[in-house]
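Here it is: the structure, laid out below.
To keep things simple, chains are lettered A, B and C as they appear, and every chain counts its residues starting from 1.
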Amino acid sequence: MKRRMKMLTSLALAGAMVVTMAGCGGKSNTSSGQGTKEKSTSTSQAKPAEDTGKVLNIQVWNEEFKSRIENHYKDYQKVSDTEGKIGDVTVKWTITPSKDNAYQNNLDTLLPKNADASADDKVDMFLMEADYALKYVNSDYTMKLSDLGITDDDLSDQYQYTKDIVTDKDGNIKGSSWQACSAGMIYNREAAKAVLGTDDPDKVQEAVSDWDKFSETAKKAKDKGYKITSTVNDTYRVYSTNVSAPWVTDNKVSIDPNIKNWVDNSKKMVEAGETTTADLWSDDWSKGFYPEGKVFAYFGPAWLINFSMASSTDGSIANKGGWGFCVGPQSFYWGGTWIAAATGTDNPNLVANIIKTMTTDKDVLREIADKDSDCVNSQSVLADLASADIPKRKPTKDDGGSITWILGGQNPYAQLAEGASKLDLKNISIYDQGCTEEFQAAMKNYFDDNASYDKAVAQFNKAVVEKYPELSTD
Amino acid sequence: MKKEKVTTATQIRRVIAYIVLVIITILCLFWFYILFINSTRSHAELTKGFTLLPSSFIAKNLGNVLLHGTLPIARGMLNSLLISASSAILTTYFSAMTAFAIHAYRFRGRKAIFTFILAIMMIPTQVTSLGFVRLMTSMNLMDNFIPLIVPSIAAPVVFFYMKQSMDATLPASLMEAARIDGASEVRIFNTIVIPLMKPAIAVQAIFAFVSTWNNYFLPALILHKDYMKTLPILIAQLRAADFLKFDMGQVYATIAFSIFPVIVVYLLLSKYIVGGTTAGAVKG
Amino acid sequence: MEKTVKPQRNNKVTRYNKWGYIFLIPFFVVFVIFQLIPLVSTIYNSFFENYRSGLQQIGPNFVGLGNYQKLLTGGDFFKYFGNTMIMWILGFVPQIVISLVLAYWFTDPSLRLKGQRFFKTVIYMPNLIMAAAFAMLFFTLFADTGPINSMLQQVGIWSKPYSFMSHVGSVRGMVAFMNCLMWFGNTTILLMAGMMGIDTSLFEAAEVDGATAHQIFWKVTLPLLRPILVYVMITSLIGGLQMFDVPQILTNGTGDPVRSSMTLIMWLNKHLYNYNYGMGGALSVILLVVTAVLSFAVFRFSASSEVDN
């Protein structure tokens, strides 16, 4: 296992070097921001229209991208928590939470009216999540990156899966991300020692390398008083990433065999008392962030490790550096943020420059990785990071600390890079978010013994049709 | 002998009453206590578990919400105050006026109108919300307070209460006397009827203020610009924040902050509930 | 509701009576604009297929009674109606009992309770907390690893945490308990007002006749309270049919387990998700009819028994 990983890493490195060298030919001096701007205006074939807007409106659902811009886009000057300036252009951030579909509802109201909106109200740029990105990508409300002067070459260092998610039905790329949210299994080192007698990532990986082994480990964990996962929903995305068909084809909803596997395996584990049916993000779920919670592992990407596992709280496992990271039974991804340019923007060049700087400039991406511990969307930067000696920064009240601290000194980038390169996301549909939500909710009834599997599926079908009346079910 | 027996029975009943009342009081106030405790705790403390002892984060939580947050909470409080106070005033004044029309005058169709108003009391607000939002969109009243304030003028439930209490407290002779003095009908209503109706108005004003203050359903459909939003919408937004910003400490601090004005308004008007209800009584 | 002003055949008075119409103008103008027009448009829309799918608008296409048919077949409507009524009754019965007892104690002169001001002030206070905040607190308190479970485990009542959110009875019970707690103060205040309006000479007369406190309550107070009880019942029924915030927040909008706590308005809310004016409109109309029928039934039932007395 270890050897294979090393080989892959060196392959990735070699590939990255070629890319870097190719990249160097075009770019002379890339000091982020300024440098790329010059290039995008001088060499692009499809030159966008002149910038006329005085206000750059950006629609977001949280503050992540805003803080990335504040910290890493050199020309940006912060004015207030919801406003900034780039040159004489005012940047306005509108934050609408994703919950209850509010963020998308807001976009769905604004985008169709964007052409007629007054210059200062036009949406110039907005962010998308993987679960529904196709909805906007396949519409006329997002611009092709090529029309903004961003070429395939510019994007060549990005992971393929991040481009697949934002490729429309005609093969045009219409968004770009600075993150590669490949994910893995985050295990409690203390628990691993107790259950498996080792906390070495490779040895732990062997014990969970497929779902059968995972189940065996779950039984052993149970004997030692640990739950294998905090809830059944922890493993959901591992299965759902590796499906053989999308949720919806030709307006018909179907449950993929791998999703069914999730249901069957989860049901067994719940019955054996090896996990629970709590909701993600609930208090019951996050109990395992502390040693008393007695949870063996969580499943998630780098952002989960960095931001959500209570690393700045005394007594948490993350605070003591007590987690380890391995790939787990199947590689998967969770989350990620894609930047799209809204059709009708009156600042196309600025938008292009922001997208280019934030998602393709290697110096900026490396800076983001170092400072914010994002798993960045650059094969070469990740390869560098995998072999770099990343300093352990202790978490404090205001800083979550570095990923290497939380993982007890482990550098996870080799595993993250490996995961990202193996991802295949051909099987996504615009309905994924709604289907995922409703499916998890419906299956909870089955896991809790409140309904048979068939009844739970019937409830899922009903809920999906309520959300999307145009779909049919079995 | 007989007399003594009655007193012991009363004594026992009194003890039972006190015990029950104390239990009920605890059940009623407990929630305010946990809200307060939770608003003093940090997010990490809150996820770790529950406690009855306060922590030290209240200033930090409130600071995060009011000074460093991206949501205009202070502005939201102002919006909520404006909408709730206006609704409470309009609904009590105009419901009293409508009730007065039915109570004091004998005109053709009076009974039919009375029955009609009682019948429309049964229309649930949510039922018309779809049409309401469409109409407001076409009237260009989205992101405007008018759709949240003005409709309170036509409130059948408040009207019904006012009517009942007028029947009990407003004799016709009073108006006769005023008319002889040469007062106009509008003047009679404003200077004689309204003051007499004070207790009933206070009770309904509290009900109206509180329910508007806590209303989420309709304002959430009408108000979309951040600086127009009311507190319940902003609280829902805080709760909906995702993992990066999700901070239950802030949520609880905001809830505590938003309950404060209602408590003040309630305590100011509650003397009418506590003492003066006889005057506003519904006649049996 | 009986007339207190005796109709007077007096020219001077009839001249004033046009003011009745004038004073009704604000009510009716506002009613027509903000309620009637939306109501009509809701009814009109209920005959069309009209919703948004992602960024596409589907319809409006006339479908006749298609939406109604979809709603009423399959039994979902009746299930959610049943849920709503069960949770309402579970909350209303204890609420009315507690309110009656409290109102009775507060107005009973022989009891002379001290601290009445305080108690009366306190009972309405739960209503000041918004329903969503209430539901949030309950969710935390009754979580698998929450304080209620750990308390009960420490006492030894059960060894494993009880999953309150995974059982039909406990979820409905929590919803009912919250509604009861939030509204019993309101009801008590109304009933108290009613009781204080009863002529005290009636009580005295009953006492002289040797009636016990118990008998006075059942034979004198309760019958005289009937109009206000009807008012309380109808308003509470209407409020119950509109039950939304509490179960919505508590169950995160799912109405689980197995949609056993899904209320009609939560269902309506599901159709608002994609701006489904057709289905949402049809559900609204059905809801209106149900409310009217039920309220009318309560009204008639009580009116007829009033005649009996």
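Everything below uses one rule, namely that contacts are C-beta pairs under 8 Å (C-beta built on N, C-alpha and C of every residue); 3 or more make two chains touch, one makes a residue touch a chain.
What you are looking at is a predicted structure, and each value in this text was computed from that prediction instead of being measured.
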Measuring between Cα centroids, which chain is at the maximum distance from chain B?
A
Which chains, taken as a pair, are joined by the highest number of C-beta contacts?
B-C
Nearest whole angstrom, what separates the Cα centre of chain A from the Cα centre of chain C?
44
Could you please state the distance in Å, as a whole number, between where the Cα atoms of chain B are centred and where those of chain C are centred?
15
Give me the residues of chain B that touch two or more other chains.
239
What are the residues of chain A that contact at least two other chains?
100, 283
Overlap residues in chain C, where contacts from two or more other chains coincide
140, 145-146
Within their complex, chain A touches chain B through residues 61-64, 81-82, 93-95, 97-100, 102, 106, 281, 283, 286, 289-290, 303-304, 307-308, 310, 312-313, 316
Please output the residues of chain B touching chain C within their complex, sorted ascending.
10, 13-14, 17-18, 20-21, 24-25, 27-29, 31-32, 34-35, 49-50, 94-95, 97-98, 100-107, 110, 113-114, 117, 119-132, 134-135, 147, 150-151, 153-154, 157, 159-161, 163-164, 167-168, 170-172, 179, 185, 189, 203, 206-207, 210, 213-214, 216-217, 232, 235-236, 239, 251, 255, 258-259, 262-263, 266-267, 270, 273-275, 277-278, 280-284
Of all residues in chain C, which touch chain B in the complex?
1-2, 4-8, 13-14, 16-24, 26-28, 30-31, 34-35, 37-42, 45, 98, 101-102, 105, 110-113, 116-134, 136-137, 140-141, 145-147, 181, 185-186, 189-190, 192-194, 196-199, 213, 224-228, 231, 234-235, 238, 241-242, 244-245, 265, 268, 272, 277, 280-281, 284-285, 287-288, 291-292, 295
Hey, which residues of chain A end up touching chain C in the complex?
100-101, 108, 111-112, 135-136, 139, 141, 276-279, 282-284, 287, 430, 441, 444-445, 448, 450-451, 455, 459, 462-463, 466-470
Chain A touches which residues of chain B in the complex?
44, 46-48, 68-70, 224, 226, 237, 239-246
